[in-house]
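Letters A, B, C and D name the chains as they come in the text, with residue numbers starting at 1 for each one.
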Amino acid sequence: MTSINKGATQQIATIISNKRVGAYHQIHINVGEIVKSCRPGNFVAISVGGDSSRMILRRAFAISRVSESSQYGGTMELIVAPHGAGSRWLCSQIEGAELDIVAPLGTSFGIPTEPINALLIGGGYGSAPLFGLADVLKSRGCKVDMLLGASNGSKIYAPMEGKRSVNSLKIYTEDGSMGETGRVTESLLEIVSNRNIDVIYSCGPMGMLRAITELVAHTEVIHQCAVEESMACGIGICMTCVLPIRNEDGSTSMLRSCIDGPVMDGSRVQWDLVGQIPEVHQ
Amino acid sequence: MTSINKGATQQIATIISNKRVGAYHQIHINVGEIVKSCRPGNFVAISVGGDSSRMILRRAFAISRVSESSQYGGTMELIVAPHGAGSRWLCSQIEGAELDIVAPLGTSFGIPTEPINALLIGGGYGSAPLFGLADVLKSRGCKVDMLLGASNGSKIYAPMEGKRSVNSLKIYTEDGSMGETGRVTESLLEIVSNRNIDVIYSCGPMGMLRAITELVAHTEVIHQCAVEESMACGIGICMTCVLPIRNEDGSTSMLRSCIDGPVMDGSRVQWDLVGQIPEVHQ
Amino acid sequence: MTLPVDMSTTLANAWFPTPIFTASGCASSGKELAQFFPLKDVGAIVTKSVMTKPRHGRPTPRMAETPSGMLNSIGLQGPGIDSFLANDVPWLLEQKARVIVSIAGETIEEYSTLARKLRSVSGISAVEVNISCPNVENRGLVFACDPDASRRVIDGVRKTIGGELPIIAKLSPDVTNLPEIAKGVVDAGADALALINTVLGMVINLETMKPHLGGKTGGLSGPAIRPIAVRAIYQVHAALPHIPILGMGGVASGRDALELILAGASGVSVGTASFGNPTALISIQNELRELLAARGFATLQQAIGYAHRDEKP
Amino acid sequence: MTLPVDMSTTLANAWFPTPIFTASGCASSGKELAQFFPLKDVGAIVTKSVMTKPRHGRPTPRMAETPSGMLNSIGLQGPGIDSFLANDVPWLLEQKARVIVSIAGETIEEYSTLARKLRSVSGISAVEVNISCPNVENRGLVFACDPDASRRVIDGVRKTIGGELPIIAKLSPDVTNLPEIAKGVVDAGADALALINTVLGMVINLETMKPHLGGKTGGLSGPAIRPIAVRAIYQVHAALPHIPILGMGGVASGRDALELILAGASGVSVGTASFGNPTALISIQNELRELLAARGFATLQQAIGYAHRDEKP
């Protein structure tokens, strides 16, 4: 009927496993058929708090990776930071618990048709969807380098098996507790030019996405970033999650990051206008 | 400082067991020291729904019985009917789950100093506190007869071990699925006079308590009933749970059934005024 | 098993197969929900309030979750009436959905302009006039908080739109005397009333220690406000028993919808509940049908305002 | 570890060691809570609104739980001022609790009568004037919904009670223009404002299919209304920055109390939260102290109205 939310379904998913990994919880859920429509960059919206919860809104989580081959049918992996009441509730759910989910939602990372040089940059749990993306890029013959950053080592999510898909992995922490001390943007331009990067794929805090955009603004590099705005519905009906996006004609549109995102072209996001009202176009 | 709520404490209690018994759940919780202050008729107020619950009020449950000898220290038994969201949540809690409780609350059944003939009448889960009461009466040398009633057999709560403390037990169900067909009030006056009953102790729906009061109004029998009014606080601070009680001078006071009850003198409750505003006394 | 309850309802001369509608601003223009259920299966799609010109709305953050509720300060972002009528309405009609167009203006004149544009559009069932926005001509006071301004908006719309299309005036609960405002807009020509819009609220962000929302204050919606909605509907139905009410405010289940209907609502809009559950309208509709059947109602009509039965003369 | 935050606060000339108080009608006369914590450990006990004569209140059922809230229709049941002053006040003072007496009347004269009786009582810290009850002289309209009636009540109390005892006027949020009502009572002599009383609501019982409460409508309280309370406090503090506010409405944790304080409250009453948790006041007080310390506040005073900092001239 419409292309918005195409492929998205609401269903009950069972938790297969929930284990702590550093500061995060790695949660596997059984989701069946829908794995076929999940692409790197898509997210899932999950009800939290149970039947008589005072939390009435779903919480959004990037789909870290999906797998069809497992004994459970289609499964989905989430990397969840226990942040507030909702994500803490999710992290406390045990094997066998049932979750009400809506997935897959939102846009996905654009996959090149030719083998290119890709740089994947993740901040905190933002690395989660990048490993799935790396697999796909790799299978298309791309060269995949990865930079991960976080405030400290416990917030770096870099699973063993994920590392196999990347050609190089460099880690930065602000306190120096893992990898190099500093931020992923530290020597970004150098890396981009040394490695002939064509496309940057990024996922992480808005400040990081903005900084990357500004650094590569005067280069030829394409920057696809997965944004994270506060979302009430996740399906495009509430208009709470908007970001100012520059149109071809120079005017600005307030686009919904849940259906026109989360993956967006970094160079079109008007980072300096986030949290403001742009002049009315026309 | 004050005698109101004397002995009541707020604490975390762990569920030791939770099993279905007919239409009810028999729940044992580990409560420690406070069992010493619990008397038959007292109740416990329990938080329901967990940390982010939209149910902000505690639920009241009669303390069915307490035991000091168990391996867990003091334990308390509750008989819970899964009625609405709160009691259903409680019934779904498993062994090891923690409950936030306040107990013991309210008045208790008056225990005679002499051996008397007592008739205990329970409706539905109202039988729960009567078995504990029967033990105490029995130990004081009283003769204890019991009548239990419910709409059907699954709603009769009459545990094996409880039956030991009573001299006779007669069961009525409205659909005849257990015991005799009918209500506990069926041949009440006959029983009272045949068995020389001195005191009736009752617990159950308000309609039953009222019917008993009216039947024995013109006899010498004392009727102590445990009422069940909707309670917001359970500790006397909200004034939602009031019942019209006749004073010595014929005037009416609106007394709180949580602190001046739940056990009240049936003959002083103005059953016909429940749900109305009495004329202002003075 | 389809239970034999006639669920149809009317708001003035508009007929709907079921009383469960979307709420304005909580279904965008319909396309987004169409993935989850056929739009024609619910009573009507009430579209997001549209203004004459395209509009960016308020700065982000635009929402804050609160206990059993949420605050929003969207600020009527939208494409403007021309684009809306050219694109969104035809699409909805193609889906065979019943459409109620919600309009909003900053001046009394703007409402009349919108009404003029709607007059020539065929296929829409009714117009909902959202008078809960600030009146730029009058110190930013919300129209629906001022009996006189409310009346004048509705009067302007009535005169422009002519006699056919039912006008539903949407009121704010943030007033001292709701029945008075309701009477005013009915006198001015409203055929029905929509009750309630969101309640004005605020959340302070404990990190920045400033109002959390970009627009500072926001509208409170969700189950938290349901008791306020029930009271508003009950009060207004008691004062104006012959004026149909489209009820809304915190409806998330069939029991909630029934509560509003018993209080006096002829139809029920579901807003915030769709954010938590994209198929909320369908489950509410099914639950409502069962609850009505269980209570022996053969038609929805019999249940409307039933809680007032002992008070009616 | 005691964190070095000075928690003391004032409402006009009344001083309190901490800003956490009970809310009127949610602590009865104090005795009931004394089993759970020493009453002197909290800022003050605000007693249940007392009238001149003993009163039965409204018929039961008097409460209904709602999502994250509850409705009550107690109807000011109480012993009357004489018994209250003879029994309850001396007992509270014996406990070394600070006492704020809440009074309520059906006529302007009744408020003055109550004030006259209070004038001679020593040891109480302030009087809270609950003007959110129906005015029997004026079609049952609630005093606090009418600017003129509100002013006249406070004026009468001020004149009778003399200059010493601080008067806190307790307002209803159910009005179109809260700052206007607030200004009126301050002009009439109120030293401080209590915001907010409950919000008018209703629940329909789906079994009886009638209003559930004996009094039909009831007052909505609890976390559900917190965003309304924050907005009311913020609005009134912006309009009257020098008038102290006793804030209340849905406070159940230290973060909630801080939210009201940042919005402009000098003190915070805790009502419904005590029903769910008899020691709520104590934990809220401890959490508040830690939150203030974590944000670098050396005194509570610095945090009051801090969310307005960029708006102050």
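The definition used in the following text is that contacts are C-beta pairs under 8 Å (C-beta built on N, C-alpha and C of every residue); 3 or more make two chains touch, one makes a residue touch a chain.
All values derive from a computational prediction rather than experimental measurement.
Among the remaining chains, the Cα-based centre furthest from that of chain A is the centre of B.
Per-chain Cα centroids separate chain A from chain C by 35 Å. Taking each chain's centre as the average of its CA atoms, chain B and chain C sit 47 Å apart. The geometric centre of chain A is 55 Å away from that of chain B, both derived from CA atoms.
Shared interface positions of chain B, defined as residues touching 2 or more other chains, are 54-55. Within chain C, the positions touching two or more other chains are listed as 67-69, 222-223.
Shown here, the protein chains touch in all possible pairs. Touching chain D in their complex are the following residues of chain A: 54. The residues of chain D lying in touch with chain C in their complex are 64, 66-69, 71, 145-146, 174-177, 199-204, 206, 209-211, 217-218, 220, 222-228, 230-231, 234, 250, 255, 258-259, 262-263, 291, 295, 306-307, 309-310. Listing the residues of chain A that touch chain C in their complex gives 1-2, 4-6, 8, 10, 47, 54-58, 100, 102, 229-230, 232-233, 235-243, 252, 254, 259, 274-278, 280-282.
The touching residues of chain B, when paired with chain A in their complex, are 48-55, 85-86, 89.
For chain C in complex with chain A, the residues that touch the partner chain are 25-28, 31-36, 38, 48, 53-63, 65, 67-70, 72, 74-75, 77, 95, 214, 222-223, 252, 272-279.
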